[in-house]
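Heads up, there are several structures right after this.
The same subunit A turns up in both complexes below, where it pairs with subunit B and then with subunit C.
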Partner chain A sequence: MESLVISKEKSPELINTIIKSYRLFAPTEEKGFSGFNIITDNSEIDLSYLNSRMPPKAILFNQTETLFLMEPGAKGTIKPKEIRKDKTAIFAIRPCDAKGFSILDPVFLGNYVDPLYKANRDNSVLIGLSCNQPDSSCFCTSFGDSPASGKYVDILFTDIEENYLVEVMTEKGKAFVNDFSRFFSPASPKQIEAKEAKEKEAIKLIKRNLKIEGIEEKMDKMFNHPIWEEYAKKCIGCGTCTYLCPTCHCFDMQDESTLEKGARVRVWDACMFPEYTMHTSGHNPRPARMHRVRNRFYHKFSYFPKNSDVIACTGCGRCIRYCPVNIDIIELMNRVSEMVL
Partner chain B sequence: MVDQKKLVEVAKETLARKDVKYIIGYKKGSYGFQTSAAFAYTPKDVEQFIFTPLCNKNLAKYPLKEEKLPLKRGEEEDKRKIGIVVKGCDSRAITQIIQENGMNREEVVLLGIPCPGVINQKEIEKRFPNQSEITEINEINDEYVFTIEGKEHKIPKQELLAEVCKTCDYPNPVLYDVMIGEEVEVNPKEEYEGIKELEEASLEDRWEYWEEQFQSCIRCYACREACPLCYCSTCMADLLEPQWIRRSVNLSENTAWNIMRAFHLAGRCINCGACENACPMDIPLMELNKKLGKEVKEMFEYTPGLDIDAKPLLGSFNPDDPEEFIK
Partner chain C sequence: MTENPYQPSLATIEKIKVEVTGERAIKTFRLVMQDENVQKEFSFVPGQCVMISRLGKGESMFAISSSPTEKDYLEVSVMKQGKNTSALHEAEEGDTVGVRGPYGNHFDVEGWKNKNIVFIGGGIGMAPLRSIVNYTLATKNRDQYGNLDIIYGARTSNDLCFKDEFAELRLRDDVNVHLSIDVVEEGWKHFVGFVPSNLLKVNPPSENTIAITCGPPIMIKFVIQNLLELGYKDEQIYTTLEMRMKCGVGICGRCNIGNLYVCKDGPVFSNAQLKNLEGDM
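On to the complex of A and B.
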């Protein structure tokens, strides 16, 4: 790993240079909250954000994705969708959201490779920005991660007052930095220490902890426990938690057409909707909200780790912050953790 | 302030009734300024009940959310009543649902709370963004008083009061079985003040404004699920044959959804603000609801959710309607 620095005075010029050859996504202010958008000038970036409202997963795994175009009818035709080839950079992605992609990878790049996701992933450089100010619902440290972790990004920026410390984490990151090498200079040991100090401070600000030890084994014995019904009672069954989650990845396929033209589209779906598991026969294997709420937590903390060796939660805290009925994943999972069976 | 001891006492008495299954009230939330719905089956559960200025969720939706799974052989349906703690707006929601035959009066027991107004959740979380500790708020002399890390904060009520509460004409429950405490004073307010600016804007500006709002919609349907009046067994938005609204999330389909949602609440919305509170993308849905509410009031002199025996607006005909729109 190479450590470099760039001064805050120079960073706008770097951004404006990147824009010339990359599709650059960065956090901007959207009607009072933050979102990742394609920017055309550094001045559009707003770094005063805690995190974006929508996770940047939507950049590589779009909420609505056209799979192919078609002309319906007896002489109908199918036109495959061109796969995106342009180089993309995501600037100031938080470490938790970058980890989200590492959790989507086994799904979309595992046994069956999704060509659209693969192209998006391969063509993207993730430029992280450490959280110096995590908020009250953040809990990435529960999973052994840190608000200043470079583990899941190609390059990690950390705000160390006048400068950003720039840690180059991967080969892709190295190639990227080399292309813009004139902006960076080697970091001094003092600057590296400054980052470590920032990281320690940030970790201290994280007050909540989800106890994951032994949780998978615990859940093996809790499928019929009344706690799921207790939480399902107050769940209203909307899709907020899943749509704002950086790791939720379920989708639906739809053919949307008029008489002349149409397309097959892939749109995000949510396991909290009854229709999600509805069979054409009319049978629904998860007929009650309890089944759906339980499934959401089992998928994250039991099924996914069994299949892919990682808990499908990064501790970004969005589902806690935006749940309209205060279903709190930390509160619930800690009760599971502490339960004596 | 609502007397919480009295609330717990009344809830215990109600729960002791043979014909009551459980009571839905509020309890402390899991962090910060949150509160949560509480489902009390035992007197011990009832002891968690609170009513504070943070009890801003509408509980009227929950009886309709109860899932009736197929009965096992020999099993009988539990037809006991559900108790609910209701503020003025919640009681109007229940009234409206009963009026529409969505529920029978006998199915619920209402514990009425004369509501002094509740706090705008999004506003307080914006002003104190890093509050993880569970924080209790008291209303004292038109100020909200609470302590964060040893420091006492006193904020004028109007600064944090939910928008819908600022213009609420029915803070006292319009339908109840037991009332907890004395009725609060009602000050008539200019109900449609908040939408004036939007009404005066040009068509182009309004369209641009709503385009920006609807563009950000992620179609999670939190607005629908939180709304006590959105209780159709199959929502039009979920239908596949015919598919009125496509699943693609884009401006066109999002606009269709949001307009349809607002239209289906015309003459039915009781101004609780639950949709707007629930929206994770901060779309000002109450502006649409208020505008439609205003039109309904002006055209038909009708206010929903006041009388269980009244006819719903769209199910009634009154030869004395002003009818100024037909010319």
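On to the complex of A and C.
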């Protein structure tokens, strides 16, 4: 790993240079929230954010996306979709959201490779920005991660007052930095220490902990526990938690067509909706909200670890921040963790 | 198949056979891939499924109802239920459909060699069973299996699928066919009553036997109960499950029972597996 620095004075020029050869996504102000958008000038970037409302998963796994084109009907034909190939950089992605991609990878790049996600993933450089001011809903440290972790990004920026410390984490990150080498200079040991100090301070600000030890085994015995009904009573089934989750990946596929042309489109879907599992016959394996709420937590803390050896939660805190009825995943899962059965 | 796992290959409907008419109409579609190489490379094992789509009307998962010993085509038997299946029922021979697959696990036709097999079907649930029935009855395979019994029923005689094929099977002496309907009808010569009751009446010996059942969930439940009563062990009982599906390849999320996805980890499960499976069904 190589440690470099760039002064805050020079960084706007770097951004404006990147824009010339990359589709650059960065946090901007969006309807009173923060959102990752393609920018055309550094001035559009707003770094006064805790995190974006919509996770940057939407950049690699679009909320609505054409899978292929067709001429519908009796003598229908299919036209493959052109896969996007342009170089993309995601600037100031938080470590928790970058981890989200590492959790989505085994889903989209497993036995069956999703060509749209793969192309987006391969063509994207993740430029992280350490979280110096985590808030009361943040809990990435519960999973052994840090708000200043470079583990899941190609390059990690950390704000160390006048400069950014720039840690080059991957080969992809190295190639990227080499292309823009004139902006960077080697970091001094003092600057590296400054980052470490920032990281320690940030970790201290994270006050809450989701106790994951033994949680999968505990859940193996709690499928019929009344706690799921208790939380389901509070839930209004809006699906916000799933849409804003950096690891939720469920989708629907629909045909959109006129008489002459059409497309099969995928759109994000959510296990919180009854239609999600409803059979054509009318039978629904998850007819009650309790079944759907239970499925969401089991998927994250039991099913996903069983299939991919990782808990499908990064501690980004969005589902806590944005839940309209204040369902708190830390509170719920800690009750599960501490349950005496 | 294409490199995009969501993109179907095109197939032509070569033949349409009406199995059941009326409210619960069922048709069997014989499909041939339009690209000869895709047809040649399309290989499957009984129990596996395919996604079929009337382009513009959506896509649904069906068990392949033909036997892999028929290499020139594949067949699916479709009940008219929703948007896509209704559109398929309006299709004519020569029309084009999209096909993806085959998907999922399958019946253990290799491991079950030298065993007797009892097939227990209800209604449209005979579709996946027809694939393995015809596979085990194929000339090159028949002597590799023991006794074959088919116990099949539907609500009415009209609702029975593959009637002409059962008429032919009755003429063979290497397979026993036991048909039933739920309520009395004039001229019906076979069993009247539910499939689980017919199973008890036929009473196929459990020794060295595999029982495969497919049909409505309530039928499966009582068939399994009765099989256990007849001395079958959990490991000898197999069924196929269904769920709403979209991607077919374990990504879109909706067909899970616990941590398993019916599209890729199923649809075939033994009763031993089902007993240990805690999830929403």
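Quick note on the criterion: the second predicted complex is superposed on the first by the 339 of 341 C-alpha atoms of A that agree within 3 Å, B and C clash if a C-alpha of one lies under 4 Å from a C-alpha of the other, contacts with A are read in each partner's own complex, and residues count from 1 in each chain.
To be clear about the criterion, a residue touches a chain if its C-beta (ideal position, glycine included) is under 8 Å from a C-beta of that chain, and two chains touch if they have at least 3 such contacts.
What you see is a predicted model, and the numbers here were worked out from it, not measured in a lab.
Aligning the shared subunit A places subunit B and subunit C next to each other free of steric conflict.
Of the two partner chains, both subunit B and subunit C are touched by A:Gln254.
Seen from the CA centre of subunit A, the centres of subunit B and subunit C span an angle of about 90°, rounded to a multiple of 10.
In the superposed model, A:Thr277 makes contact with subunit C only, not with subunit B. Touch criterion met: A:Asn111 reaches subunit C, while subunit B stays clear of it. Judged by the touch definition given at the top, the superposed model places A:Asp41 against neither subunit B nor subunit C.
In the superposition on chain A, A:Tyr303 makes contact with subunit C only, while subunit B stays out of contact range. Using the contact criterion defined above for the overlaid structures, shared-chain residue A:Phe223 touches subunit C, although it does not reach subunit B.
Look at A:Pro324: by the touch rule set out above, it reaches subunit B but stays clear of subunit C. By the touch criterion defined above, A:Ile78 reaches subunit C but does not reach subunit B. Taking all C-alpha atoms of subunit B against all those of subunit C in the superposed arrangement, the shortest distance found is 7 Å. Contacts of subunit A with subunit B, set against its contacts with subunit C after fitting on chain A, overlap at residues 252, 254. Interface residues of subunit C, counted against subunit A in their complex, comprise 2-8, 10, 53-60, 81-82, 85, 91-92, 95-98, 217, 242-244, 246-247, 249-254, 256-259, 264, 278-281.
Residue ranges on subunit A touching subunit B, taken from their complex, read 30-33, 35, 50, 53-54, 63-64, 135-137, 205, 207-208, 230, 233-234, 236-240, 242-244, 252, 254, 256, 265, 267-268, 270, 273, 275, 287-289, 320, 322, 324-326, 328, 330-331. Those residues of subunit B whose C-beta lies close enough to touch subunit A in the complex are 29-32, 34-37, 39, 57, 61-62, 65, 67, 69, 129-133, 212-213, 216, 218-222, 224-226, 238, 246-250, 277-278, 280-282.
Those residues of subunit A that touch subunit C in the shared complex are 67-68, 70-78, 80-81, 107-108, 110-115, 223, 249-255, 257, 262, 264, 266, 269, 271, 276-281, 283, 285-286, 291, 295, 298-299, 302-304, 306-307.
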